[in-house]
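Here come two complexes built around chain A, the first alongside chain B, the second alongside chain C.
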Partner chain A sequence: MLVVQGIIDGILAGGLYALMGSGLTLVFGVMEVINFAQGIIVILGAYLTYVFATHIGVDPFVTLLITIPIMFALGYGVYMLLLRPIKRDRVIMSLLVMYAVAVVIEGCLDLVFGGTLVQVSTPYATSSIHVGSLVFPDIYLMAFGLSAVLLGVLYVILYRTKFGRSLRATTQNTTAAKLVGIDVDRVSATTLGIGVGLGAAGGMLYGMTASFNAASSYDLISRLLVIVILGGFGSVWGAMAAAIIMLVIEDVISVVWSPVWGQTIFYLVLAAVLLFRPQGLFGRRMARAQ
Partner chain B sequence: MAVIQATPELLRPSDIDHAFRDPYALSSRTRGISWVGLFAILAAFPLVFTNPAVTSVAVFTMFFLLATVAWNLFSGYSGYISIGHAVYYGLGQYTVALLVLHLHIAAGAGELGVLPLAGLVAAAGAVPVGLLVLRVRRHTFIVLTIAVMFIFQLLAFNFPSITGGSTGLNVPPPAWSPYSYNLPFYYVALGTAILALLTSWGIRRSKFGLGLLAIRDDEDRAKGLGIKVTRAKLIALVISAFYVGIAGGLYAVFVGQVFPQFAFTPFYDLYLAVFSFVGGLGTLAGPVLGALVLGPLQQYFEIQFGATTLYLIIYGVLFILILLLLPRGVVPSISDRYRSMLAAHWRKTGRGPATQGGSSLSQGPATGPAPAPAMPAEPIVREGA
Partner chain C sequence: MKQRHLLGCRGAGGRRRFTTSVLAAAFAVAAAAPALATGAAGAAPRVHKGLKGTVLIGASVSLSGDFSATGTTTKEGYQVFQQWINTHGGMDGKKVVFKFLSDGSSPTQVTTNYQKLITVTHVNFVVGPYSTLLTKPASVVANRYGQALVEGIGGGPSVFAAGLHNVFDVSASAAYQGITYAKWIAKTYKPQPVAFAAITTPFSEPIVTGIRKYLLARHFTAPVFKVYPLETSDWTPIASAIEATHAKIVALATQPPDGNAFIQDFASAGYNPTTLFEVSGPDQGQGFVKAVGKQNTTGVMWPNTWYPGAAEGPVNKQMETIAEHMLHVKLSGLSANIAEAFSAAQVLAEAVNHVKSLTNAKVMSYLRKGHFTSVQGAVCFLPTGQNKCAQPFVFQWQHGNQVAVLPPTKPGVTKIMNPKPHWGQSKY
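This part shows the complex of A and B:
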């Protein structure tokens, strides 16, 4: 029974990580930018929710209507101002720039909120549904539900809109996309906006399920990067599957063994998988990687 | 289509060296004098500026110098950008702390005596890490090095019986006079940095180094040419880890405490990469310049604004500006400017090596405005070109 509970916990938490990770992998797929700031952006989203929910008294889910546009604008602006000018060594230079952006945001958050751990409190934060001896916390069910909805919206954007088609074309071949008249910079900026927006939505949920401060971003980004590597860089579906697999493994190990090992196993699985599939679980081997 | 007037006997290496000599390079004498001058200044620095506040900044700068040169020796030459060198830095720190603790080494010079062991442990750690991370390339490699760094941090937190967990380990500081306390650290770091620089120089000139540069330019082709790519990358990583481990060991003794979050810190990785990038990736002088300019700046901000996280904001903004304004690094930028000026001067005066049959063979990857090549009298047709 403990194992079943672990699997349920893992799937529910996995949905949340899938939401945060999909933003990261989408951005990489389109513009080869490793968004190291995704972790701190999740925390920024969590803090925004915290401010609106605690000080203004808006329901956390309603705050998304404010936070997602703000974060979208942030992502769009960061691309246009900081990433577009980069011409050479794109992968590493953009990583370093995003790293620096993360440091700036971390410094600002720490300056404003200090290092104290906070959590977004809601009436439904502690309630749960019991089925037999299994526990389904309401908050995780809602988080999973919202993740599913937002990922569904992402699917519609990617596969049912003209913008989605431009985005997928840019992912497949940037030069060819430019040749057929796609404004690659606009697509990239919008994609970073979407990725950051998804991260902020994940942050709202994260802020309700865990206590956090600015330093929590490092734990988050390291997990998200592992998920994205395992899913195969740039594959949104791979990241979702990897998120759920990894969180199930972690939660099962945590309940049957110890939480410390649950976290460690998370990384050991990564090492083991890469020994046999360097391209990740769902990635395609690149024909000529250099 | 002209070809080399091939002589019946085989070309000697010195002939090839002469034919492909970079006509714009400074003479080796000028370069040698510059290096010796630089290190003479560095050696004299703490004797002139004796204020402990100043020398302690200088000590941290030397630690950065050592580690940045070592980082560049792997990442700069092979093109595999590691954002996980804090692994070796942390291994060095913990090795020294644990050795001092368990071997009951008295506070003092003995603590510096175990530094080579710190380097060896870091180098040994680089073997399994390298075998894992070097299986992938480019962006996956970069991200994997970050992930591995976090694994080590997690392990340091999760095995308190060995590492002390979040309470950390103490390294009793040597009981030296406060006025000369910094000096041994400074000179040991400077000496090791010179050693690392000589290693870097030796690699750059060797066939092994040529292999690394070939891997950077096109790994598949390098493999096709018979370079044992995995072995070459791994050896470079191990050498690099050795020096970074020593830097970590020095830091542990100097600061006197080892914590998981400061031993395996993502900031350290960022510093090494940015310092090298600013100076000039894959050049000999670049990382030296980057560390000597930005290292003190980093210390200054941390001391000045370290009470709050304001220094993080300042430093982040500074990094962004540097990366956007100097994307290619100082040394390659200046070098290109110098080359094009020299070429223009030669064209105007009609002098230069053009008549001597020299050809320019770019040493790095094609960078920026190509220097106007000094055309040899008879164009050399390279095999397969």
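This part shows the complex of A and C:
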């Protein structure tokens, strides 16, 4: 039964990490930019939720109506102001700019909130559904549900809208997309906005399940990068699958054996997968014809 | 056409310059951000070496990284001491000024910081950072330059195992901190299963390892002992493994994030141990209340050598008053780190004022043989630096207040709440 509980814990937590990682992989898919700021963006989303929920008394889920537009605007603005002007060595320069953005946001959060750990409190944070001896925490069920809904919305945007076609065309070939009249800058800015907006949703859920401060972003970004690498850069579904695989492996081994070995074995699995599929489980093949 | 001409002639270079400007601006802001953060977190005035009539004390504090929460409260403890000592005659009759450097919770940066404090800033004394992990490299640097390192939050065995004679830990050492709780369990409960988990930090883990060793020797069993790395960010499976044991007694070596998460997981699963002991998390005052909710605090226990309102003399009361005003928090919300940091500086000041000298060798000589009184209680040192006079308390949250409950023989302790009430059912 403990193994089953470990699997349940892993799947539910995996949904949360998938949501946090989806923005990272989406941005890379379109812009080939590794958004090093995604960890701190999630924490920024958590802080925004904390402020609205604690000081105004709004339910954390309702705060998404405010935080997602704010974070979307942030992402859109960062692209237009900092990334769009970069024309040479775009990949490496963008990476450095996003790292700088992360450091600036972290500094600002430290200024405003200090280092004290906070958590978004809700009445349902400590309730759960029991099925026999199995426990389904309400907060994780809600997190998984919201992740599924938002990733579903993302799917509709990607595959059922004109913008989605533009985005996918840009993902496949930026030059060709420009030639057929797609405004690549607008698509990229919108994509970064969506990615950061998804970070707001991920942050809201993260803030309800864990205590956090600005420094929490370091552990987050390292895990999110691992998820995106395993799933394949650019693949939203890959991120979802990788997050669940990672958390299930870690959680099952943690409950039946040791948390130390949970992480070790996951990284062994990651190395084995990358040996045979360097592009990740669902990633595009990166090798280009010379 | 003119615009096209400009772009045509200067486009590439202009773009490059613009890109460079954007990057330069971004990095300038990036470089400034930590400094801004540091400046905001601390209000230590700038002091230049050679300033007459001033005792300069240096400390590396973690204002970012894994220990940023507790590092900040450590710094606050020193700032509270600075205000207190300067209204009580100073050190050797001189005004005391602290110089802080932020270390990002990195042992490497701690080494750099203490070297800089001693050799560049020329501080008169150094006091400890937060955590055993960071105290160890700090003590090595201080020893290299013949400086004492008086500290209150670095009592893991590895600090003392180095055999340095310049380290003075004013708090109870790690291996000793949990023994009061272990003795109480052995006296109160019949031998039965006890669930353990421990984060792999050099201070927290030895506390619970000590409790486990004591109880196993008295026929208690340990059906689960989960050791997890510092980087762990999903504690639910560890909580699930503990819940599956149905143990009534749970002892966890935690830091605040995991300590808070375990309580949320236990409450969510409806698992309510009779007694829950966490090394760190519950000791964070208002931060703990905010994280787990007031209704879930009652009954949770933790070890420490101080608590708000402790009956440890007038200085303790003065420290609390200053801290309340300076930090804008209620008494019950004060972190124990404040008292631990304050104690370190307080003992240093007692030694300096006794020898009437700012010479480290003289001060260390007196520290080794003297008896001191800090806001945490009695202090006297073993040759290796542990405080052999410390009497560790066990604390418990009771109806929104932190109270000392063990040892029962200590004056001023409150009756222990056993068993702890069910999650969410505590009244205020």
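Definition applied: the second predicted complex is superposed on the first by the 279 of 290 C-alpha atoms of A that agree within 3 Å, B and C clash if a C-alpha of one lies under 4 Å from a C-alpha of the other, contacts with A are read in each partner's own complex, and residues count from 1 in each chain.
Keep in mind that, in the parts below, contacts are C-beta pairs under 8 Å (C-beta built on N, C-alpha and C of every residue); 3 or more make two chains touch, one makes a residue touch a chain.
The shown structure was predicted, so the numbers you read here are calculated from the model rather than taken from an experiment.
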Superposition on chain A - do chain B and chain C clash or fit: clash
Which superposed partner A:I11 touches (first chain B, second chain C, both, neither): neither
Touching partner for A:D138 - first (chain B), second (chain C), both, neither: second
Contacts of A:L82 with chain B and chain C, given as first, second, both or neither: both
Which of chain B and chain C A:F233 touches, first, second, both or neither: first
Residues of chain A touched, compared between chain B and chain C (which is higher): C
First, second, both or neither for A:L95, with chain B first and chain C second: first
Partner chain in contact with A:D110 - chain B first, chain C second, else both or neither: both
Partner chain(s) touched by A:L270 [first = chain B, second = chain C, both, neither]: first
Touched partner set for A:L225, first chain B, second chain C, both or neither: first
Chain B versus chain C as contact partner of A:F28, first or second or both or neither: first
Against chain B, colliding segment of chain C, chosen among 1-9, 19-27 or 397-405: 19-27
Residues of chain A at both interfaces, chain B in one complex, chain C in the other: 82, 85-88, 93, 96-97, 99-101, 103-104, 106-108, 110-111, 214, 218, 222, 260, 263
Partner chain A, residues of chain C touching it in the complex: 15-16, 18-19, 22-23, 26-27, 29-30, 32-34, 36-37, 40-41, 62-66, 68-72, 105, 200, 226-229, 231-234, 236-238, 240-241, 243-244, 256-257, 260-261, 264-265, 267-270, 284, 287, 290-293, 296, 423-424
Residues of chain A defined as touching chain B within the complex: 28, 32, 34, 36, 82, 85-89, 91-93, 95-97, 99-104, 106-108, 110-111, 214, 218, 222, 225-226, 228-229, 233, 260, 263-264, 267-268, 270-271, 274-275, 278-280, 288-290
Contacting residues of chain A [partner chain C, same complex]: 1-2, 5-6, 9-10, 13, 81-82, 85-88, 93, 96-97, 99-101, 103-104, 106-108, 110-111, 114-119, 121, 125-128, 130, 135, 137-140, 209-216, 218-220, 222-223, 247, 250-252, 254-256, 258-260, 262-263
Chain B - residues contacting chain A, complex: 81, 83, 132, 135-140, 142-144, 146-147, 150-151, 154-155, 158, 218-220, 266-267, 270, 273-274, 277, 308-313, 315-317, 319-320, 323-324, 327-328
